[in-house]
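Here is the structure we will look at.
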């Protein structure tokens, strides 16, 4: 027998959503050029202020700038893998593929994430003193 | 009175290093086109097998491939900031700047890292079920 | 076909438990005014000393004091969401609801947890120096 | 010899700040009824969009609501201690004291944070299956 | 209805593997005296360089040395439980049992892991200053 | 100018401690056959119930059992390095040395901790499905 999903709160579907929530859903679908809203946003909709604020922040942060959108998605996957967040790994790996990430790029991304996690623990474990040369802020 | 640095092990300077350790130091300096070796490697030198293996892995992983070296450094900084590893944040931010990271790029990098850490906890905290559409592996 | 649960050890049911384990189960049920014991305790029962010690600590720590029991449960959920511990998020969110947490309170809790995880990484990522004003211990 | 502070970026003081940054600083000081701005915000000011967005979010999230401001600060400290973010522990412990946290409350807070981190690892380490009773979302 | 497994990439079975991947699989099976390869390696095989490098490192690191193989597996489980990595907890607990870990040893291991996670957060949360006596590196 | 130490609370010295706190200090010194008490315990003494409970737990958990005291200290260091807790790394590395850990053993310990953190992220990042063979609890 398959188990019912674990859920802390009820997902809010478009049909039952308030006007405030629908406005965010509409903006998500328009911005992402899609006709569906991920479960993440349907979960946040249980607290409309968090839905609105989080979407506005993600939309602003992930927009093209000094870093291109694909690089930003790769960074998102790297953080999510480091935190072990299953949902975030799944959803942002999918987003990164849509933006052009190949299997070879994913392989190299994971190799860097793995190495960084290894050397982070070695640097902490040996309590390595920071080199003087790294102590100068940029001009 | 300034405190002595905390250190789990003694840093191994070039002058006192074994031939095995010097060979790795020489390769680090040649590969990175520099005449100094960071404290991280001087700490690992207390266990030469770990020094050799870790350097070989880092050298291979950070070489240009499907992802360019700057993107790899940005990923390294993102993981290190997520883990809160002071040494790694300091050293890899310096490396990223050497490879072309501007203040604007660092600002956007940190914005993505911050957002990813926020939404990782929201996704975990609400135990959001993974959308069926994310469950299909790539062909 | 549904998968069998993953388990590192066998859950110990009351009927098969030793007198030492039953005594802890009895105290759990009496303290919590319930007739069931959660899987967490049935797992710890594989090592009775850990079951006894952990229950005694949780019982003492979660008792009313300078902080009320609901506030303590909210803190437990905040830590569990930050660590991404699915079991703990599920069980302590349920406990918090029993003690009066509303959906609105859960929404604000998660908003704080998310923001704290975001700013934690920004403070670490930028290696922000601690203000002198924060360095004085309480009198 | 005392070491210079490590810093990834230069702190932006009010006198040298742009009008955009000053507007945020002014709002921080007005909202918090203080005449100083913490180093955290002076660091974020290196990327004005992140300064503005983060302050707006923190201001909104930490405002009184279903949870009172002190409870929100306690949650912030709990997350920061779990992440081991020195800056955030120092600054939010100070904020919590200003909002009424006593030594006894801090003692109980840390006791809960410690226990939650212990039982999180026990639940994960034993891969405890989530009880059916925790799988039902709220109505 | 049971859900399909989540997977970021396709597992590479022996029959469809390249000669390069088969050589690693053969070495894994020979070294471990088994006729099967775990899903972890079949996932890494999507990026053969990472498969080869990671296996070589794990093989070298887990070989008997100043620490015996069982102690090394216990350390692996301790790290995996602390990170909450389900796959790693499951696979390394199984490996530890094969190398002689009893239920009593697992119980004590988890007790230490739990306590260490608790006291780690207390030390960080109270920002305890490191005793001068701990600041001296080994000779 | 050297900075004053950061501290959330005042360390309680023996001379100023209450009888309750002194009793714990006396037991720590007797159990560890030393005439000093580490800063960690002096910090916990700000909340005597936490001091007493934590010491009782650590004393019980770290006592010889199915695992010897040195192995337990190695596990403590592994967890502390994974969490990046500076105080805990420093104090438990010192304890492990007192119990017989050599530089070679520390080197192998760190190598395992590094590899485990690397493969933990690879397993999570690729969302590797747990092998059926790992799903059976011990009899």
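Order of writing sets the chain letters: A, B, C, D, E and F. Residues in each chain are counted from 1.
One rule holds in what follows: a residue touches a chain if its C-beta (ideal position, glycine included) is under 8 Å from a C-beta of that chain, and two chains touch if they have at least 3 such contacts.
Keep in mind that what you see is a predicted model, and the values were worked out from it rather than measured.
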item	value
Path length in the contact graph (chain A to chain E, fewest steps)	1
Centroid comparison with chain D (C-alpha atoms), farthest chain	E
Centre distance in Å when chain D and chain F are each reduced to the mean of their C-alpha atoms	26
Rounded Å distance between chain A and chain F, as computed from the means of their C-alpha atoms	33
Interchain centroid distance [CA atoms averaged], chain C/chain F, Å	20
Multi-chain contact residues (two or more partners), chain C	2-3, 5-9, 46, 49-50, 53-54, 57, 61, 82-86, 89-90, 93, 103-104, 107-108, 110-111, 113-115, 117-122, 124-127, 130, 134-135, 138
Arrangement of touching chains [line / ring / star / complete / other]	complete
Footprint of chain B on chain C - complex, ascending	77, 81-82, 84, 86, 89-90, 110, 113-115, 117-122, 124-127
Residue numbers on chain E that touch chain A, as the complex places them	1-3, 6, 8-9, 46-47, 49-50, 53-54, 83-85
Residue ranges of chain B in contact with chain D within the complex	2, 84, 86, 89-90, 93, 103-104, 106-108, 110-111, 114
Interfacial residue positions of chain D with respect to chain C in the complex	5-9, 11, 36, 38-40, 43-44, 46, 50, 54, 57-58, 61-62, 65-67, 71-72, 74-76, 78-80, 82-83, 85-88, 90-94, 97, 102-105, 107-109, 111-131, 133-135, 138
Chain D partner contacts - residues on chain A that touch it in the complex	3-10, 49, 53, 57, 60-61, 130, 132, 134-139
